[in-house]
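For clarity, chains are labelled A, B, C and D in written order, and residue numbers in each chain start from 1.
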Amino acid sequence: MSAGAREPGPSAASATAFSKSEMMIVAAARELAGQRVCFVGVGLPNIAVNLAQRTVAPGLELVYEAGVFGARPARLPLSIGDPTIVTGATAVVSMYELFSFYLQGGLVDVGFLGAAQIDRRGNINTTVIGPYDHPTTRLPGSGGACEIAINARQVFVIMRQSARSFVEKIDFRTSPGNLGGAEQAERIRREGGWLGRGPSVVVTDLGIWHFGDDGEMRLDWLHPGATLKDVRSTIGWEPRIAADLATTPAPTATELRLIREELDPGGVYTK
Amino acid sequence: MSTSKVATMHDAVADLVRNGDTVAIEGFTHLISFAAGHEIIRQRKRDLTLARLTPDLIYDQMIAGGVARKLIFSWLGNPGVGGLGSIRRRIETGEPAPLEVEEYSHFGMVGRYTAGAANLPFFPIRSYFESDLPVANPRIREIESPYGDGKIFAVPPLKPDVTIVHAQRADAAGNTQVWGLLGCQKEAAFAAERVIVVVEELVDEAVIRADPNRTIIPGLIVDAVVVEPFGAHPSYVQGAYDRDNRFYLDWDAITRDEAATQQWLRDWVYDLDGRAAYIDRLGAARIASLKPGSAPSGVVDYGDYR
Amino acid sequence: MSTSKVATMHDAVADLVRNGDTVAIEGFTHLISFAAGHEIIRQRKRDLTLARLTPDLIYDQMIAGGVARKLIFSWLGNPGVGGLGSIRRRIETGEPAPLEVEEYSHFGMVGRYTAGAANLPFFPIRSYFESDLPVANPRIREIESPYGDGKIFAVPPLKPDVTIVHAQRADAAGNTQVWGLLGCQKEAAFAAERVIVVVEELVDEAVIRADPNRTIIPGLIVDAVVVEPFGAHPSYVQGAYDRDNRFYLDWDAITRDEAATQQWLRDWVYDLDGRAAYIDRLGAARIASLKPGSAPSGVVDYGDYR
Amino acid sequence: MSAGAREPGPSAASATAFSKSEMMIVAAARELAGQRVCFVGVGLPNIAVNLAQRTVAPGLELVYEAGVFGARPARLPLSIGDPTIVTGATAVVSMYELFSFYLQGGLVDVGFLGAAQIDRRGNINTTVIGPYDHPTTRLPGSGGACEIAINARQVFVIMRQSARSFVEKIDFRTSPGNLGGAEQAERIRREGGWLGRGPSVVVTDLGIWHFGDDGEMRLDWLHPGATLKDVRSTIGWEPRIAADLATTPAPTATELRLIREELDPGGVYTK
């Protein structure tokens, strides 16, 4: 769902109650409409992508960094290396091959990332809070995120908003976004031969942000129930709000049923 | 023609893992040799440098067991669940002892093993641009293309003293076959000075030779073959058993608490004499619950040419 | 969900191979797509740059057919038999037209495809030291390790406009599986702008998905799937037919003589309308003589996880 | 058979007549005694190595550059990519993997090469006779020879001797041998991080040459029936002859039977 193709308000089904996490996952899944090849990260991206494959993007090919292309998981994978992503897949390859030929070779349309900290230009920290050598909190680190940010044609981010996560200045830049601005980022991408064009959307528990021409994120959609006050109180800079800010259509009954019955019956991600 | 390399886990670890070694137990979410990790704890190896893309529960347990002084990695966590307390405490507080870290991205780690396996002085990757990782780790370096089209990045070779991998099957000479996720076990094994293969099943050489495209590690580079069914629990083996997710969830509470972690090590590692006792303690019902249905591969014909 | 890419050889070559293209028909002694090479001759494509580790009989025939202006290679010959007359005449005498050559070693060519597939500006290899090859071909360059431990060599990426590979089987979406020798078909395919896969057998998607570790090329990068049984004759297909060595021996006399070569092209390429006519002309007895005995792979279980 | 471990003269079986090619193949096969991993080239090396596996080196592991490790060919392979080297092998891998991990990684003990021209220090030409840009004879080129010469722990050469092939100066150095001499070669190998120590033996239709401490080849064995006059008339420099030159033991009945009945019944290589 792009900012330019807005749907009318919530359908009848949206009368059903839903959690903020459910709204976030549904919104992220809908963004994948029209995409072909998606590199799936652990956790929230995993459930969002699996929902998209069952709804708006049935032809979506899932790439897991563990070495799977064309996965058809019969259940929600418990991790990005769950055996259910292997059985029935199109191809299973070494990680060397996955990162070399699929990702770095430019075959991934969307890389889906989470983040502990993000700044207004989509630069991402998943390494440390505090100084690198003496962190107050040691985070997981890059995994494949650094190479996804550089080599996937575009990057989607999914994360909960908070004053600790949406910050003016990230403590460590694990994965580059639009750097100091779109102009600088485009020059560096061109000079470095990057195939990626950087972040295009950030989906949170409050709304949907797209990136403007200058490389800064702008709130285009506010989730039902969320307010601009919520948005401003969970962000470390003065956010840019779209003039035609709209309300995200609520999850449909089908989307909720898929999440609750098929993808996350235990409610691990969607509580 | 081929001498048997079959050994007990005790002997393989005693003979081939030495204090101060760089040890890589590889296997990306799939085929993680918990059995070898526990034996290393049990034998109280010391001052190891542990290399692995995803340190995972097994390195959390080993580091809690005090075997390591350094960690080389790219993603630190309990996949899909949370953090690894023993490792985080060592890094964040330096207690009970500091833990040196050397950090890459996944592709950087794969490139390091690849350079080690291929006797290359570096491996080039199109990553790390505008990331702080090369600042934090100066072993990640820029390299200029000799064709005048700009710079990319290089990582240095990683050559473990010992690489340990779990696999579905091998013959007594160490010819090893894997299906499902392949991770970077092949590269990590070829890069190593010594290789221990732990298998679900020891098979006749004829089984290996009937399907040579499935071989990922040749016996040529293998020093010991250890037969240890369910040796990858709580991780999984494609076709044999599922990940024991309950264990991963349970670990989250244990790892947050140093005393609980040490108690777990006593109950499940130090007080047991090996993997058979661990499996026994786990119980037949739990093991049975992890058994998947069947999904056979089909057969291909290589043809008999004489 | 997946659209069929099945096409006739005529249409695949007509649509996807363009005059002036760089074309790689890969397959190292195994799975050489003679059928595609003949169709390119038949359609009188011109000014191609032909890339291949071992130009082999098929490139000798294509060059005799006048399709190429340049050859990129690493070993030029009729393996185990002798020389390739049409190519040698073009190089040694410049008749009937000069043939530009760009020459590497086998590993250099593999490295070139690898760099092309991985979007790397170069691939490093520990070869070419003290060889005259970098003198003859200045695209082979020295590169300094960023770790201060000396120089190795680099080769530049090779990105064919079209890569053509023969395989045992694919589904209609182009998901392609091979067993036996793998050569560098995977790298050559990922490096290419367009990919044609020619198969012995078209199979249901379920056959591919039952054994995903055997897939070497995903349908994602495939533009056309051509079903052409015996399309690799006189080379071979593991498990399906043997190399027709008599043909390789016979070619030695033909290729020494320009007139005989042109006559062969008329009889076996220009005057036939496609591969079926070629096989028909070869005769059932000759085809039958190439059938190997059976050597089944055995079955592995991937497990059904729900 | 090293120069330091010479056998007594021909056995009774050697009364059987044999060709010069058969003697050459048998001598080359015997040199493989005690070796573990051999990288097999097309043609003469192929038959010599297959003979060695059936006689002096039953544990010899054959590596074919086509991507095979631990081949057990049921017939003499017609080419280095014959399907008979695949069926029943220990491992079949891509050429990238074969060249990267097996050869460049240092796992090959002996690389077996042929040559069109060789000089006294074992430098090899398989590329052109005449100038590179306008050759009088275009030869096959390097194939894997250049990387075998650099990365195999040692190199064996098998080729027929003639004034055109054993030359003072080769027209093109495809694969390095002992360069200008052992001292220079050792320095360059060390500085370049080569795993190979260069050529150790050249087996011809006339005798067996080993390399001395200064890197020049020396005739240690003369095949039965060959004379020093034959040797001098087929070489472009004044050859070094061992003071204790001995006669190569003739092929045994077993060796001849294996060649004639199993390995080359058509006599393609051994006429």
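Note that in this section a residue touches a chain if its C-beta (ideal position, glycine included) is under 8 Å from a C-beta of that chain, and two chains touch if they have at least 3 such contacts.
Please read all numbers here as calculations on a predicted model, not as lab measurements.
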Problem - Pair of chains joined by more contacts [C-beta pairs], C-D or A-C - result: C-D
Fill in the blank from the handout: dist(centroid_CA(chain B), centroid_CA(chain C)) in Å evaluates to 37
Problem - Distance from the mean Cα position of chain C to that of chain A, given in whole angstrom - result: 40
Exercise for the section: Express in whole angstrom the distance between the two chain centres, defined as the mean CA positions of chain A and chain B. Expected result: 29
Problem - Shared interface positions of chain D, touching two or more other chains - result: 68, 82-83, 86-88, 92-93, 100, 104, 151, 193
Practice task
At least two other chains touched by the same residue of chain B: list those residues.
Solution key: 114, 119-121, 125-126, 149-150, 152, 179-180, 182, 186-187, 210, 213, 238-239, 242, 292, 295, 302-306
Fill in the blank from the handout: Per the touch criterion, the pairs are A-B, A-C, B-C, B-D, C-D
Completion exercise
Counting only contacts in the complex, chain C reaches chain A at residues 1-2, 114, 117-121, 175, 186-187, 190, 208-210, 212-213, 215, 218-221, 302-306
Exercise for the section: Within their complex, state which residues of chain B touch chain A. Expected result: 28-30, 53-54, 73-77, 79-80, 83, 87-88, 91-92, 103-107, 110, 114, 125-133, 136, 149-152, 179-184, 186-187, 236, 238-239, 242-243, 245, 248, 292, 295
Handout entry: List of chain D residues in touch with chain C within their complex
Key = 42-43, 46, 65-68, 78-83, 86-88, 92-96, 99-100, 103-104, 127, 132, 135-147, 150-151, 172-176, 179, 188, 191-194
Completion exercise
In the complex, the residues of chain A that touch chain C are 37, 58-59, 61, 68-70, 72, 74-75, 82-84, 86-93, 97, 100-101, 104-107, 151, 193, 195
Problem - chain C contact footprint on chain B (complex, rising order) - result: 119-126, 141-143, 145-147, 149-150, 152, 154, 156, 168, 179-180, 182, 207, 210-211, 213-214, 238-240, 242, 292-306
